[in-house]
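Note that the chains are named A, B, C and D in the order they appear, and that numbering of residues resets to 1 at the start of each chain.
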Amino acid sequence: MTVDAPISTDYTANELMVIEASRHINDGDMVLAGTGMPLIAITLAQKSHAPHLCAVVETGIIDPELLPSPVSVSDPRIQYRAVKLGSLRDALACVLQRGMIDIGMIGGAQIDQFANVNSTVIGDYAAPRVRFPGSGGANDVASHSRRLLIITRHEKRRFPERVDYITSPGYIDGPDGRRKAGLPTPQQDITIVTDLCVMEIDKGVGRLKVAALMPGVTLDRVLDNTLFKPLVAERLAQVEPPSEEYIRILREEVDPQRVYFRGAGEG
Amino acid sequence: MPVNSQSKVMTAREAVARFVAPGCVLGMGGQNVGRIPMALTHEILRQGIGGLTILGCNLSIAMDLLVGAGLVRRTESGTGNLERFGTTFQWRRAIEAGVLQHRDYSHLAMVSRFLAGEMGLPFMPTKSLLGSDILNKHPDGGDGYVLMDNPWGEHEPVALLPAACPDVAIIHAQRADELGNVIIEGFAAHDVEMVRASRAAIVSCEEVVSSEETRRRPELTAIPYLYVSAVVEQPFGGHPTSVYRAYDFDSDHLTHYQACAREGGQMYQKYLERYVLGCDGFDDYLERIGGVKRLHALRQAMQGMM
Amino acid sequence: MTVDAPISTDYTANELMVIEASRHINDGDMVLAGTGMPLIAITLAQKSHAPHLCAVVETGIIDPELLPSPVSVSDPRIQYRAVKLGSLRDALACVLQRGMIDIGMIGGAQIDQFANVNSTVIGDYAAPRVRFPGSGGANDVASHSRRLLIITRHEKRRFPERVDYITSPGYIDGPDGRRKAGLPTPQQDITIVTDLCVMEIDKGVGRLKVAALMPGVTLDRVLDNTLFKPLVAERLAQVEPPSEEYIRILREEVDPQRVYFRGAGEG
Amino acid sequence: MPVNSQSKVMTAREAVARFVAPGCVLGMGGQNVGRIPMALTHEILRQGIGGLTILGCNLSIAMDLLVGAGLVRRTESGTGNLERFGTTFQWRRAIEAGVLQHRDYSHLAMVSRFLAGEMGLPFMPTKSLLGSDILNKHPDGGDGYVLMDNPWGEHEPVALLPAACPDVAIIHAQRADELGNVIIEGFAAHDVEMVRASRAAIVSCEEVVSSEETRRRPELTAIPYLYVSAVVEQPFGGHPTSVYRAYDFDSDHLTHYQACAREGGQMYQKYLERYVLGCDGFDDYLERIGGVKRLHALRQAMQGMM
């Protein structure tokens, strides 16, 4: 399938965020994705440039064909034509902890300069101001995937100096953080894709670096919306705008009911 | 006492009255919007069995109802949520208000704890959780895990997690036979490990089949009867969540529940009264959420995905 | 089913050994039995006084109907009409180690005064005179069953003071042996059924005691065929001879092809 | 590299040449007289791949053949035998002669080691082995286990066993599809844990089916293709052992093998020559052991038990 030019001029920032995330999946990758945008990104990848990605869903689903608009890792829409319907242990222990996942994809409420992710609490853990759902499989994905991709909207409060709680470890406190903690993937590649930019971990210092900007977004806007001070790549790239074909697939085949992209393409 | 010739089929009312005691540790099966044991949970609510500690990997709407009704003292899980439908709001509010104890683990950590339980082991190792605040900010004074070095490695820490052995587990499955042999279709989540780790287990199912059928194809048995205390036949017993190959989740009802749970107060009490406490059993609930027509539509939605 | 009188007068010592072993199985017991005489004893029990015993076979077989003359725990004859055909982990970890087996039944090459069983080597472990098959599931059965029953031919060399190698622990070295080792069943009931007698563990001293003699067998004959000096019960019982019905079941329904009892009933 | 669209079906010769290296650690599936990977073992014998370390729970006739042919350096298992047909005599003789290293475990201990391997863990606890000479008389200087106290108990020792991760596992199953999804009927023994713990795996099967069939009933898949390197179609590939629902074990041939293995020397060499080394593949062996007539009788014997 060729899903290249012509370039679309009618897309939203959220759509490009998901499309950019999907570009990080290579055809044939073994992928474990959590609910929400991660699930949408792998569905898009499977229907475009990575038809042979092997999705592993934490509830026990191996290599399904992803049907449109799944809302949960327990959704019947991601069990279709799987090669195995098994257990959480099959997925999270025997694939993920076994070290077989090429790329893991999660979301998160807070991400800090070391790429640590918080999806547990805002405020003091013992007396939280806001309680979030908790780790789920996210801690496991962050611990064991060879590459980690985090998708999140770029809002100031989501990017603090230090997360209130490390649900899913990034580089913890510096370049040796993962190694010191004994994580099985001490030199993990970590990428953050937001609606404003792409950040990547700089392994030399264990901190996030802005690597590319979304079309029309300035570095200042990124910095204004980030509480920590990220590193900035010497040659700051621009994220490629999507082709019309990707936008069509996303709207017609991935989320035709507009569960994720309300209003997109309707203006 | 012969175990392989006794029928364990009984009503939800009888099963819950016999096997769920006040103050017990309750394991819950299913995940998010899939195969949540709703009929059994409604029965616990109607019987008002309180002081519960609830364990699971993901805990979802069933746990939220029990928390909302004030029947839960403590939860231990990887998450409390309904994913795209939001957090479990009653649970979130109870934690924020400091009236519910909660112990965080990851999903792999929780299934590892059930795995230890089903194998008769006191603990299970994992390489998850390392470096995270799930270990470091521990509310129980450190009895939730122990770090050790892998004796066959070189500075390779491993986290040991204590076995989780519920007093009683509740799950919902597609089929069970009269002895208690269980067939699960679609993802199994942590249900098998949890049931086998528990002291008792109640299995509700869409359909009770004959053990003759089980014995014709014993490779399909997910859980043999040895671990099962009671079998409850309740079609649509997972509503408003989905049961694979049987029916889709009920998006409208989930959305309505979430609105009530988020709002809380009077509105939540009205939900409880209308859909649970005021119902004469789960079939009555199924009438109230839309009856045959609604259920038929959910079946058709699932058929469309097959 | 009544399988009592009339009493048979035409039976072999091996036949009575198996029948006596089967009598230790109660209807409804959850039983794990190894190959050979143990398997034959549970097959007999299922076809006579314990039709509701639940057999668990280590290879992963739960509650089968036992067909005649199984020769192995992997024999298709013990997979018939099972409620689950699963894995070794299902049987040995999730049933046995989980503490659910009422009675475990094994054989053994050597048994000593503490009921320790050797099925590994004769002589020095590092340079064995005779190498046997090894533990298999026997160590697991001896570690975790509530009650343990050992079936073996009564030959002098099989009953040394001390086994050359403890494959499956009995009371190890005395009444506290199992507790000191940390075994999950420190006060296990242990019974040895041979073609000459029945011995039981005396938990107060952790040693075997002759509890009953086979019909026509004297205590002296037992002692002459035992290298260690067993305790002897104050009231030494006599093992009940088999009914004709049990013998019929054994010969016609349990081992009709005479795999185990060559020549029995043919004289 | 796309993994879910590539056929892994190949000949036994090609699979063994590609994935079984001299000196490797070889995991063997099946137990005693059930589902032993005989066709793959014959191929290893014909290719003369030596210096092997063999792991399994029960090791049976396949291991004995490799030992008898001098291709094995070390074994680790719970047993070496064919149960009612006797010990694995070549193995026994090699240990007694001091030319084969062997490490004893129990069957639960071995499957626990594979379980650790499949879960990416360095070790697995067990409450077996305590107080036995399997721990106390250890030939490897103590690296085969570590005792620790359960941190949540009071003087409650637990044995930790190191993960077992073969370089390559070989198993025989009823069915596999072209991608390598495996269906096992009858008991599974330790095959699933072992294959998932291994770096590579060769699966021979009675019949290659279509992955379309797998995707229609994914609950039946015992091992998904992720762990499988090669699929070899070989009907009667478990002979002379049994394959559930397909054929009974061949009592006559097993008895003959055991007589040769017990006798050893010339007689054993003749067995090897006639039935393995001199064969032009496994179908040729099947002709030599009695051909269609014999195989038909074994199928009928199994049908009689269904």
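Note that in this section contacts are C-beta pairs under 8 Å (C-beta built on N, C-alpha and C of every residue); 3 or more make two chains touch, one makes a residue touch a chain.
Treat the numbers as computed from the prediction; the structure is a model and nothing was measured.
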| item | value |
| --- | --- |
| Where subunit C and subunit D overlap in contact partners, by chain label | B |
| Far-end chain from subunit D, centres as C-alpha averages | A |
| Whole-Å separation of chain centres (CA-atom averages), subunit B against subunit C | 41 |
| Interchain centroid distance [CA atoms averaged], subunit A/subunit C, Å | 58 |
| Whole-Å separation of chain centres (CA-atom averages), subunit B against subunit D | 38 |
| Interface hub residues of subunit A, defined as touching at least two other chains | 79, 85-86, 89, 93, 97, 144, 184 |
| Residues of subunit B whose C-beta touches two or more other chains | 120-121, 126-127, 156, 158, 185-186, 219 |
| Pairwise chain contacts, counting only pairs that touch as defined | A-B, A-D, B-C, B-D, C-D |
| In the complex with subunit B, residue positions of subunit C that touch it | 27-28, 30, 51-52, 54, 62-63, 79, 81-86, 89, 93-100, 144, 184 |
| Complex contact set, residues of subunit B against subunit A | 30-35, 57-58, 77-85, 87-88, 91-92, 95-96, 98, 104-109, 111-112, 115, 126-134, 136-137, 139, 155-158, 185-193, 241-242, 244, 248-249, 251, 302, 305 |
| Residues of subunit D that touch subunit A when the two form their complex | 1-5, 118-121, 179, 181, 196, 211, 214-215, 218-219, 221, 224-226 |
| Residues on subunit B engaged by subunit D in the complex (per definition of touch) | 116, 120-127, 143, 146, 148, 150-153, 156, 158, 160, 162, 184-186, 219-220 |
| Subunit C to subunit D touching residues, read off their complex | 35-36, 57-61, 67, 71-77, 79-80, 85-89, 92-93, 96-97, 120, 125-140, 143-144, 165-169, 172, 177-178, 180-184, 259 |
